[in-house]
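So that we are looking at the same thing, I have put the structure below in structure tokens.
Per-chain residue numbering starts at 1, and chain names A, B and C are given in the order in which the chains are listed.
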Amino acid sequence: MSQLVIENVSKEFGALKVLQSCHLAVEKGQVVTLLGPSGCGKTTLLRSIAGFLQPDDGRILVNGTDISHLPPNRRDVGYVFQNYALFPHLTIRDNIAYGLTIRRRPREEIRRRVDEALSLIALSAFADRFPKQLSGGQQQRVAIARSLVLEPEVLLLDEPFNALDAQLRLSMQIELRKLIDRVGITSIFVTHDQQEAMTLSDRIAIMRGGRIEQLGAPLDIYDRPRTDFVADFIGRANLLPTEVAGGRTRSPQPIATELPDGPATLVARPENIEIVTGDAVGWSGMIGFSTALGPVIEYEIDCGLREPIRAAIPRQAGRAPLEPGTRVTARVRDEAAAVLLPGRGAQGGTAHG
Amino acid sequence: MVDATLMAPRRRRFSLASFLDGGGFWPAVPAVLYLAVFMVAPIVTLLAFGFVTIDRGTVGEGGFTLAHMAGVLSDPLVWRLMWRSFWIAVVSTTLTLVFAYPVAYAYGHLKGIARTLLLVAIISPLLTSALVRTYAWIVVLGGRRGLLNQTLLSLGIVDQPLQLLNTSTAVVIGMTQIHLPFMILPLLAVLSERDRRFEEASLNLGASEVSTFFRVVVPMSMPAIVAGFALVFAVSYTNFIIPQLLGGGNYSTLAVQVYEQTIVVLDWSRGAALATLLLSTCFLFVFAIVALGNCFTRWNEVRR
Amino acid sequence: MSVLRQTSTAGDRVARAGFIALTAFSVLLLVAPSLIVIAISFEPRAYIAFPPSGFSWRWYAAVFQNQQLIDSVWVSLRISVIVMLICLAFGVPAAFASVRGRFVGKAGLNAFLLSPQMMPGMVIGIASLFFGAYIAFRASDLMLVLSLSVFCLPFVVRIVMARLSGLDPLLDEASANLGAGKLTTFRRVTLPQIAPAAFAAAAFTFIEAFDNVTVSLFTSDVRARPLPVELYYLVQFDSSPIIAAISALEIGLSFLVMLVIAKAVGLDRLAR
């Protein structure tokens, strides 16, 4: 039995459908990230699990029990806010002890558990300070400890790295993942940052327009996106409109596929595009804008399509980058890695990640 | 070749804009002078008058004397009145707080027309004179024909009309209600702008709404509570109109004494000495309130 | 806030009911006296009764027939307008220095400009009276105007300062970048933005001066009493509903001023 199940949850705000029939099952100890652009409903879904919002439809189950109608103070879930919401008028110790104090635990027990929590986050020396006196990263750890000390079934985190400096982020993400692993708690993150999702999660749920578009392990989603949007949102992708006829695409470089006849979109990541000067089987065009990204050069190749094809070519010592205007052919290097999606996506050719 | 325009001295044209925006002190000079002449000088005169003998509106013989101050400070009536002024101010301010807080809190939860109506109800009293508002209480609390008594008598709750007017009770009730807007507004400003996520966090950690209110909302609004309390206390302590009109002819407080000595008895020296006592004790009490409040708001002052 | 509306413990429900009751009582406490006074003002008989036994405008008519009252209203109007103009003239520039000034002691200037509000009106009144006596100057319209302006100056300074510091300084830079000189920028960018606030400050100052008792009692001319002073004496000697009528008119005036302020800057701005 999954530890957390979100079953057919929907929510409307007036005419706006913020959540539409969301399904999600999370196993014990898993870390799942709800990833999507702003307005996709990810925070709404998180807040519904916490009980700050009542869905119009559907159920939320924890360990098989329906908690959908429980008020937020009777659910066994921890919630870490984006700005941490540490009580400014309480010391760090009192902040962490808050939930235990409410539950009227014996004073000795509270002190022991808070001390344990403080050493878990390595902030024992700050116990008697006020939140104002701590850095952003320290406040985040306190917020997490405040929830963890109550040993909830699930931990919910709302864009916990948003408030931190960019340099700190990656190291803090790794630290946080290690902490979660050590405690072994089922966690659900919300973020719009795809790199954060890739770093933290066992599984990612990509959300758009109130729905979960795809759920899977990070690399699975990366290698096998199931829609244009997902392909575009994770990593960078070339989305090339084409048509399938008799098991092959009718593109300049025909690709074998099992899709039925009809319009289709060919998804090829820039690192899977190779550039050949001179004639070859593929999309012929001209080098346009190029970006030097350090280990890789990304070329835009104008092939007469709505968007240029992007290719990421590793730099080779001694070889100068290709000049704009050079006539080249772009081809998919590993045909097996290319993905074909049925239907002409609404975006038809945008390629940015 | 030297550029001639660089050599010419720049003529600074005076413009209203640069006068006002020039980053200077000058635009404030008229106001400062005005206050210096019409506020500072008078206040100094007031303080000084307590230390000289004023005879028929002019400084009499004798020069500097402590007699008037001593007379005031050694008068047991003065101390009794000061004590009375103090406790009616404390009691009424506390009651004002009790009634003001829910209103300020509720404002944050109202929307649209209800919110506007409430704001109108709060601000309108501030724009009417203290007299009008005190008169309302004279009417309500008045003797046999006072409205409260009329109501109680007709409902059979009492047989005899209650003697409410011309008592300390009337003064406290009047002060409590009349000063409500002064307490509501600072609280309202803070409560309506508060971050609701702290309350969500508290609920998430298992607290009930009641617990959340007393453990999170109220403590976090403590700076505003202290400020409001200090303000309303000062206004109540130095108020002479309400005690005079609701307390009646035989009722007095320190502030009322200041009025009487100055306008009725025309003993300006004594009046000045009493005013000095009133002002200085007021500052002292407010200071004590703020210092006491600081114990509860230390968390707001700390720095990283 | 949907959180509060969900089902919660019985204790919470009881507490919430109690809280709503307390709030309702407090709001009633806030408005009832004024409403009662307005109701009484329509009483046709010569004494106070609630609810009124009928509906009559006689006491309002009595107000307009009372020459002393009418005179005092004129006095108050005259005085208040002058006080308003003085406070604007001195207060608006002072606010500019307080907000945009770059000099040592700005905090001191701020405190000084707002200091009249730190003391009871009575003290300003008595101090002015004494000072006047000292320089052989009697209580009169002039003394009243001067003392009231001192009392009301902080209102203007505070309201205009609040507006000024809320202005985006980048707008001035944009204006300069587009070619406007300092005077033009002031005229076209700064002034229009603070005008509503200055207007609201003026309205507020007017009504505070109009209503003021604590200062006026000491510095007004005995022969030309402003309305609140007139009322002060009337309240102690007359118990007819005429005072209720005047009160109702004053409450009406306060609504008018509130409307003006609301149109200018919005009521909630005043609340800060």
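Everything that follows uses one rule, which is that contacts are C-beta pairs under 8 Å (C-beta built on N, C-alpha and C of every residue); 3 or more make two chains touch, one makes a residue touch a chain.
Since we're looking at a predicted model, the values are computed, not measured.
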item: Pair joined by more contacting C-beta pairs (A-B or B-C); value: B-C
item: Furthest chain, CA centroid comparison against subunit B; value: A
item: Gap in Å, rounded to a whole number, between the CA centres of subunit B and subunit A; value: 55
item: Rounded Å distance, subunit B centre to subunit C centre (Cα mean); value: 14
item: Multi-chain contact sites of subunit C, meaning residues that touch two or more partners; value: 3, 8
item: Shared interface positions of subunit B, touching two or more other chains; value: 200, 203, 208
item: Contacts with 2+ other chains: residues of subunit A; value: 51-52, 71-73
item: Parts of subunit B lying in touch with subunit A, wherever the complex brings them together; value: 195, 197-198, 200-208, 211, 215-216, 219-220, 222, 297, 299-300, 302-304
item: Residues of subunit B that touch subunit C when the two form their complex; value: 15-18, 20-21, 23-28, 30-32, 34-35, 38-39, 41-43, 45-46, 49, 57-59, 99-100, 102-103, 105-106, 109, 116, 118-125, 127-140, 142, 145, 147, 150, 177, 180-181, 184-185, 188-189, 196, 199-200, 203, 208-210, 213, 234-235, 238-241, 245, 255, 258-259, 262-263, 268, 271-272, 275, 278-279, 282
item: Contact footprint of subunit B on subunit C as seen in their complex; value: 1, 3-4, 8-9, 11-12, 15-16, 19, 22-23, 25-27, 29-31, 33-34, 36-37, 40, 47-50, 89-91, 93-94, 96-98, 100-103, 109, 112-113, 115-116, 119-120, 122-124, 126-134, 146-147, 149-150, 153, 157, 172, 181-187, 190, 204, 207-208, 210-214, 217-218, 228, 231-232, 235-236, 239, 243-244, 246-247, 250-251, 253-255, 257-258, 267-268, 270-272
item: Subunit A residues touching subunit B - in the complex, by the definition given at the top; value: 50-52, 71-75, 77-79, 81, 83, 85, 87-90, 98-99, 102-103, 129-130, 132-135, 146-147, 150
